[in-house]
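Listed below are the structures to be examined.
The two complexes that follow have chain A in common; it is paired with chain B in the first and with chain C in the second.
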Partner chain A sequence: MIVVTSLVVENATVVRPLGPAPASRGVPRWLRKAPTYIFLTIVAVASVYPLYFMVVGATNTSPDVLGSRLLPGGNLFANFRALVAAQDLGGALWHSSLNAVLTTIAALAVCSIAGYGFEVFHSKGKDRVMSLLLLAMMIPFAATMIPLFRMFAQFGLLNSTFAVILPAISTPFLILLFRQSARSFPHEVLEAARIDGLSEFWIFVRIFVPTMRSTYAAAAVITFMNAWNNFLWPRVILVANRYQTMPMLISNFRAGYVIDYGVLMLAVLIASLPTMIVFLVLQRSFANGITGAIK
Partner chain B sequence: MSTIDLTPDQAGVRTPARHRGTGLEKKRSLTGWIFLLPAALLICWMNFYPMIQAFLLSLQSGKGAKLTWAHPAWYNYARLFKDPQFLQTLKTTFIYLVIQVPIMLILALILATLLNSKTLRFKGLFRTAIFLPCAVSLVSYSFVFRTLFSTDGPVNDALMGLHLISSPVNWLANAGTARFVIILGLLWRWTGYNMVFYLAGLQNIDYSTFEAARIDGAGPVKTFIYVTIPQLKPMILLTAIMSTNGTLQLFDESWNLTQGGPANMSMSMSHYLYQLSFQNNPNIGYGSAVSYAILIMVAILALIQMRVGDRRD
Partner chain C sequence: MKKSTTALAVLAAASLSLGLAACGSNNDTGTSTTGAATTGAPSGDITGKTLTVWTWDPTFNIYAMQEAEKVYQKTHPDFKLTIVETPWDDLQTKLTTLAQSNTTDQLPDIFLVQNNAYQKNVINYPELFADYGNAGIDFSQFPQSVVDYSVIDGKNYGLPFDNGAVIAGYRTDVLQQAGYKLDDFTDLTWSDWLTKAKDVLAKTGKPLLSGQANSSDTIMMMLQSAGASLFDADGKPTIVDNAALEKAIATYQELVKAGVFTEVNSWDEYVQTFVNGNVAGTINGCWILGSIQSATAQSGKWDITDMPKLEGVDGATNYSANGGSSWAISANANYALAADFLKSTFAGSTEFYDTILPSSGALANWAPAAKSAVYAQPQAFFSNDAIYTKIVSYAGKVPSNNTGAYYYEARDAVSTAITKIMGGTDMATALKEAQDTVEFAMQ
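And then the complex of A and B:
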C-alpha cells in the first residue's frame, strides 16, 4: 500500500511543469536520491537492530547472545522455564497490566472531559485556570516524589494500585491535547444536539467521544506506554517485592551475580510486547491524533 | 454517526437558542467548571500540593521519620554546594544534556524533513522503524544496551572483527565510555519520538513553501535552514523543553544501564535523589533540597528556551 501511494505521487511530480532544482540539473534522479535512502536505511537499521537482537536473544542460550548470534535458536522454551522458575512473571504481568489499563481509562476520562470543558465552555476564568495547570508540566516528578510517598504512606496506601495510578491520571499534556482537538469540533453540531434536548454530559459522551477517536487513540498510546513503562514511581511506592511490575522484575536482574542473557532478553521482550502491539495497532490514529492536536 | 441525524433540525431551530436568557449561559458555564473540576483538583493534589510540601521538607533536617526545622533554614541548600557527590551528578547530568539533546533534535529534524518529502518511497516503513524504539521501556532498552556493550558482548566482537580495537573495551567500567553508552542509548530511544512531533508539525506547513524555495534556487540545506526550521520553531521549542526536562530527570538508564558506575561517575541527579531519599538511611530533608535544585534548573532552562524562542520572531 505504501508503495502504491508513493508511486501515484511520483507520477504527479513528473507531470508537474516545475522541473528539477537548478543545482541538481543533469544528475539522474535515482542518484540524487541515493544518499537520502542510504542515510535513512542506516538510521532505520540502527533503530531496529537492538530490537532484533532482543527478539533473537530470547530464543538463544546465554553464550550465543553474547556471541552476537543473529539467527533464532531453539532455547526459547528453556529460557521461559528458567524465567518462570526464577521470577513471578505472571504476577508482574498482572500488576503491570492492571496499572496500565486503569491509568489509561481513568486518564482518558478525566482529561478528555476537562479538555472539552475548557474549549466548549470557554471563558476568561477557565483560561486562567488552564495556564495555571500548564505550569504543572514544568514540575519535575522528582520534586513531588518524596511528599507523595509520605502522603500515601500516611494513608496506609503503600503497595496499592491506587497509589501507583493516582499521580498519573491528570496530566496537563493530555488536557492540552484534548482541548486542542476540541477546537475542531463543529459548533453547529453542538447547538443542534442542545436543541434536540441532549444534556451537556450526554453531548460529550455520545457525540464528542465518537468523533474524536483518533485523539483518544493518540492519548491512549501515550498514556498506556508511559504507565506500562513507568519505573521510578512504582519502585518507590511498591515496597513489597510481590507487587512488582514488569520493569521492576527486569531491574532485579541487575542484582544477580551471574546473568543468563537469554533469559534476560526473553524478559525484556515480554515486557516490550504489549507496548509494541499497542503502538503498531494504533500507529495511524496516533499520528493523526498528534497532527490534529497541534493544528 | 448521530451527528448526521441531528443536522436537519439545525437550520430552522437555531435562532431561538441564541435568544435564551443568560440563566442558561450561567448554567453552561457551571457545567464547564464541573467538567474540568476532577482534572484540576487532581493536578493540585498530585502536583502543586506536594511541590509546596517538598519545599517545606527541604528546610528540615534529620534522618528517617524524625524531622526538625533546620538551622539555618537554608542549611540543606548550602550543603548542596559542598557535596562533591551532588556536584558530580550535576556535572554528569549536564554532560548528558549538552551533548545529547542538540544532537538528538537536529537528527530528528533532518529525519523528519527527509520523510516529509512527497517523492520518497517506503516512507511508512522508515517512519515505523525509526519510531519503534519508543515502544520499548527505558528499563528494557537499558538492559539490551547493557548486554550489547558488555565486555564480551556483540559491540566489542564487531569492533574487534573490524580491527578497530585490538582488545575488548570495558565500556561500563570507564567514566567516559559509560557516559557515552548512556548518551547513545538516549539518542536511540528518543530521536524517533521527537521526529514524530516534527513530522506532525511539517504536515501543518504548506508544502508549497518548500517548492517555492526550490524554484527560487535554494538547495536542500538552505531550504532546511531558512524555510523548515523557522516554520517549525514552536515545535522545536516544545521538544527542546520536553527533552531538557526529561534529561534533567534521568533515572532509569542511570539505575539500570550503568548503575551509576563506575564510582558514581555516570550517576544522574535523580538517581542520587533516590539514593538519598529511599535507600539505606533516608535523609528526606536533604533529598528534598536536591529535588528543588532539579525543579529550579528545569524552570530556569525552560524560561531561557522560551526567551530565545520568542526573540527570533
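And then the complex of A and C:
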C-alpha cells in the first residue's frame, strides 16, 4: 500500500552578518514561502492522487476508470456485487488476516527475544552470528524460494497456513531493529532488577517489553504490512489453492482478457484498508519506534 | 546466565507453538508419479472420476472448462472437475518451482499454457508434461500453425483452445466519415493501408491504430504474417539480416511517424484509446474483441477484417496470430481420463463450442465447430457481420511461426531494439545488440 507521509519544514533561524540588508528583505513573507508551498503542494498531490483515484475508481464503471473520470460514480454496489460473485472475498480477507496476525505475533515474539539476547547477553560469538544474519538480508527471496519449497514439500507442509507463516517469523531486519532498540535500554535497570532477585525471564517480560512498546508497534506495522502484502510465497506454497489471500485475489482480476477496472479498484481498496487501519492506529508509536524507543 | 538463556529459548519455542496452534495443516498427500516426459497410457482403460485443472480467467478459460465438465457429465454422470484459478504468470512460477524442486506429484491433471511459452517449458521441463501420443486426438482438425506451437520433436504436447488469430477491427462510422468502407481496408498491403489511414486521420482527426511503445506485439504480428520468425530451423536467433523483421520495423516506424499509430505507455492506456474512441481501430489477436465490446456505447459501429500484409517479403499474407493458449496434460495426470475428457469436449463436441461462443466469445480452433450455425450468426456489435466465421477462416490461413525455447527473451530483446530505433539508433546496430542479448541468454 502507499503510505502518505506528511512533510514538516521547520523554520530555520538564520543569523545574518552585519552590513547592508539583503535584497530579499523587501520581498513579502508569503512570496518568500511560495516556492516551499508550491513544492509541498505538488508532492502532496502526487502522493494523494493515486489513493484518490483508487477510491473514486471503485465507484465507477470500467470505461469510466479507463477514461480517467475523477468524480465519484454510482457503480460502487454493482462493482461490489461483481467482486463477490467472481471471487471468495470473505475467505480471502479471513485468510489474509489470519496469516498477517499470526505472523505478526510470532515474529514479534521471536525477533524481540533474539534482538534482546544479542544485545544484553553480548559476546563476540553472538556478534559473528549477527553479522551472518545481516548478510542473509542481502539474499533475495527468489534465490531461496526453490530450496525452501523443496524443504517444505519433504516435510509434507505444502498447502498449509503454517508453511505460509513460518519463513516470515524470523527476519534479520526485525532482529536488528530490536537489537538497536535494546542498545539504548539502560543496563543499570537490568542490574537493579537482578539485584532485586527478578529472574531473566521476568526482566524481559516485565521491564524490557513495556519499555519497548513503541519499538514493538513499529515492528508490528512493518511485519503486518509485509505479511498482508506477501504474494509470491503464498502463491507458490499453497499449490492446490485450498485458500487464497487478498493479493492472490487481486492477481486473478488482472489475468483475464477483459479487465473490469472498477471491480479491480474496489478489490485494491478493500485490500488496502486493513494495512491503512493498522498504520493509522499505531502511527504515533511507529514514528517513535523507528527513531528509538527510549529518549 | 545459562538458566536465563534457557528460559528465553523456552519462551521462544512456547510463543511459536502458541501462535501457530490455530493453523490447520492441510497436507496434500498427492499420489506421486514423478518422472520424465511421459507418453500417456492408452486411453482404453479409464479409471477415476475427478480431474484437477489449473487455468485462469473466470469469464473465458474457467467458464469453458465448467461447460466442458457439463458436456462430459452427460455421458459420465460421476465425473467432476476441480478448477484451480491461477493466472498465467503465477502458473508459470508454479511450474518452474515444481520442476526445479522435483515435486511433480503436486501437478494437476490438466493445465493451460500460453502458446508462446510452450516450447520453452517443454524443452526445459519435459518432466512436467505427458504427450498426446495415446490420446486418440486428430490434430489435423486444428490449424497447423496453432498445433505447431506445442509440437516438440514431432510429439504433440498441447491441445489448442484459445484462438489467437489476428483481426483488424475498425470503427465503420469513422471510416464512412472519411469516405471509406471496410472493403477498402481488406486484403491490402501496408503501404496502401498507410495512404488510406493518413487520409482518415486528415479528415476525421483519428488515428486508426494504437499500441504499447515498449512492446513488440505489432512487429511480431507483422513478422508471423510472412511466416518469418526470430529463429531459424535449428533454433539459432536470426534477428540480424532478417529481411522480414527489417521490413516490419521500417513499416512500424512509418506508421508512428505518420501519426496513424498512437504509441502509449501501458496496456491499460492501449485499451483506453479505443474504448474512449480516441483511436478508430486496432489490430490484435481476436481475444481483443472482449475489450472492444466493453465500450457498449459503440455497439454497431465496429466491424472486423484481415490485417494488411508486408510488401516485398516472401510468403507475406494478410493473416497472423498473437497469443492464444493450449491445454497440457501433466506427467502426474490420470492420463486416460484427462485424454478422454479433452477428446470428447475440446476436440470433439460442437455442442460445447456452440455453448461457450455466445457467452464468452471463446472461439474454437477445432475446425468442425466452425461449421456450426452459431458461428454464422450476425453480431449486432460488429455491424451485424458474421465475425466468428471470418475469424475461423483467418485462423486456418496463418503461417506457422518457429518460437523456440528463447522466444520470450528474443521478443523482449526486439522490444528494446524497437524502443532504441524509435529513439534514433541505427536499425542494424540496435538489432545486433538484440541478437547479442539473445545469444548471451542462450549460452
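What we mean here is this: the second predicted complex is superposed on the first by the 262 of 295 C-alpha atoms of A that agree within 3 Å, B and C clash if a C-alpha of one lies under 4 Å from a C-alpha of the other, contacts with A are read in each partner's own complex, and residues count from 1 in each chain.
The definition used in the following text is that contacts are C-beta pairs under 8 Å (C-beta built on N, C-alpha and C of every residue); 3 or more make two chains touch, one makes a residue touch a chain.
Everything numeric here is computed off the predicted structure, so don't read it as measured data.
Q: What does the overlay on chain A give for chain B and chain C, a clash or a fit?
A: clash
Q: Thinking of the overlay built on chain A, is A:Gly67 touched by chain B (first), by chain C (second), by both, or by neither?
A: So A:Gly67 meets both chain B and chain C here.
Q: Considering only touches as defined above, state whether A:Ala192 meets chain B (first), chain C (second), both or neither.
A: first
Q: In the overlay, answer first, second, both or neither for which of chain B and chain C A:Ser160 touches.
A: In the superposition, A:Ser160 contacts chain C only.
Q: Could you look at A:Ile105 and tell me whether it touches chain B, chain C, both or neither (first, second, both, neither)?
A: Once the two structures are laid over each other on A, A:Ile105 reaches chain C alone.
Q: Under the stated touch criterion, which partner chain does A:Val129 make contact with: chain B (first), chain C (second), both, or neither?
A: So A:Val129 only meets chain B here.
Q: After superposition on the shared chain, which partner residues are touched by A:Ala240: those of chain B (first), chain C (second), both, or neither?
A: After superposition on chain A, A:Ala240 lies in contact with chain C alone.
Q: Which partner chains sit in contact with A:Val209 here, chain B, chain C, both or neither? Use first/second/both/neither.
A: It touches nothing on chain B or chain C.
Q: In the superposed arrangement, does A:Leu76 touch chain B (first), chain C (second), both or neither?
A: Touch partners of A:Leu76: none, neither chain B nor chain C.
Q: Kindly classify A:Met138 by the partners it touches after superposition: chain B alone (first), chain C alone (second), both, or neither?
A: The first partner, chain B, only.
Q: If you count the residues of chain A that each partner touches, which comes out higher, chain B or chain C?
A: B
Q: Chain B clashes with which stretch of chain C: 59-67, 77-85, 95-103 or 221-229?
A: So the stretch of chain C colliding with chain B after superposition is 95-103.
Q: Under the contact definition given at the top, report the residues of chain A touching chain B in one complex and chain C in the other.
A: Shared contact residues on chain A (touching chain B in one complex, chain C in the other): 66-68, 110, 113-114, 116-117, 121, 145-147, 149-150, 166, 169, 200-201, 204, 232, 236, 251, 254, 261.
Q: Considering only the defined contacts, which chain A positions touch chain C in the complex?
A: 62-63, 66-68, 86, 98, 102, 105-106, 109-110, 113-114, 116-117, 121, 145-147, 149-150, 153, 156-162, 165-166, 169, 199-201, 204, 232, 235-236, 239-242, 248, 251-252, 254-259, 261
Q: Name, in rising order, each residue of chain B that touches chain A in their complex.
A: 1-3, 6-7, 9-10, 13-14, 17, 28-29, 31-36, 38-40, 42-43, 46-51, 53-54, 57, 107, 111, 114-115, 117-126, 128-141, 143-145, 147-148, 150, 152-154, 157-158, 188, 191-192, 196-197, 199-201, 203-204, 211, 214-215, 217-219, 235, 245, 248-249, 251-252, 255-256, 259, 269-270, 273-274, 277-278, 284, 287-288, 291-292, 294-295, 298-299, 302
Q: Which of the residues in chain C come into contact with chain A in the complex?
A: Against chain A, the touching part of chain C is residues 1, 3-5, 7-8, 11-12, 15-16, 19-20, 22-29, 52, 56-60, 84-90, 93-94, 97-98, 100-103, 106, 268, 271-272, 275-276, 287-288, 290-291, 294-295.
Q: Within the complex, which stretch of chain A touches chain B?
A: Against chain B, the touching part of chain A is residues 2-3, 6, 9-10, 13, 18, 21-23, 33, 36, 39-40, 43-48, 50-51, 53-54, 57, 65-68, 110-111, 113-114, 116-118, 120-123, 126, 129, 133, 136, 138-151, 166-167, 169-172, 175, 188-189, 191-196, 200-201, 204, 206-207, 210-211, 225, 228-229, 231-232, 236, 246-247, 250-251, 253-254, 261, 264-265, 268, 271-272, 275-276, 278-280, 283, 287, 290-291, 294-295.
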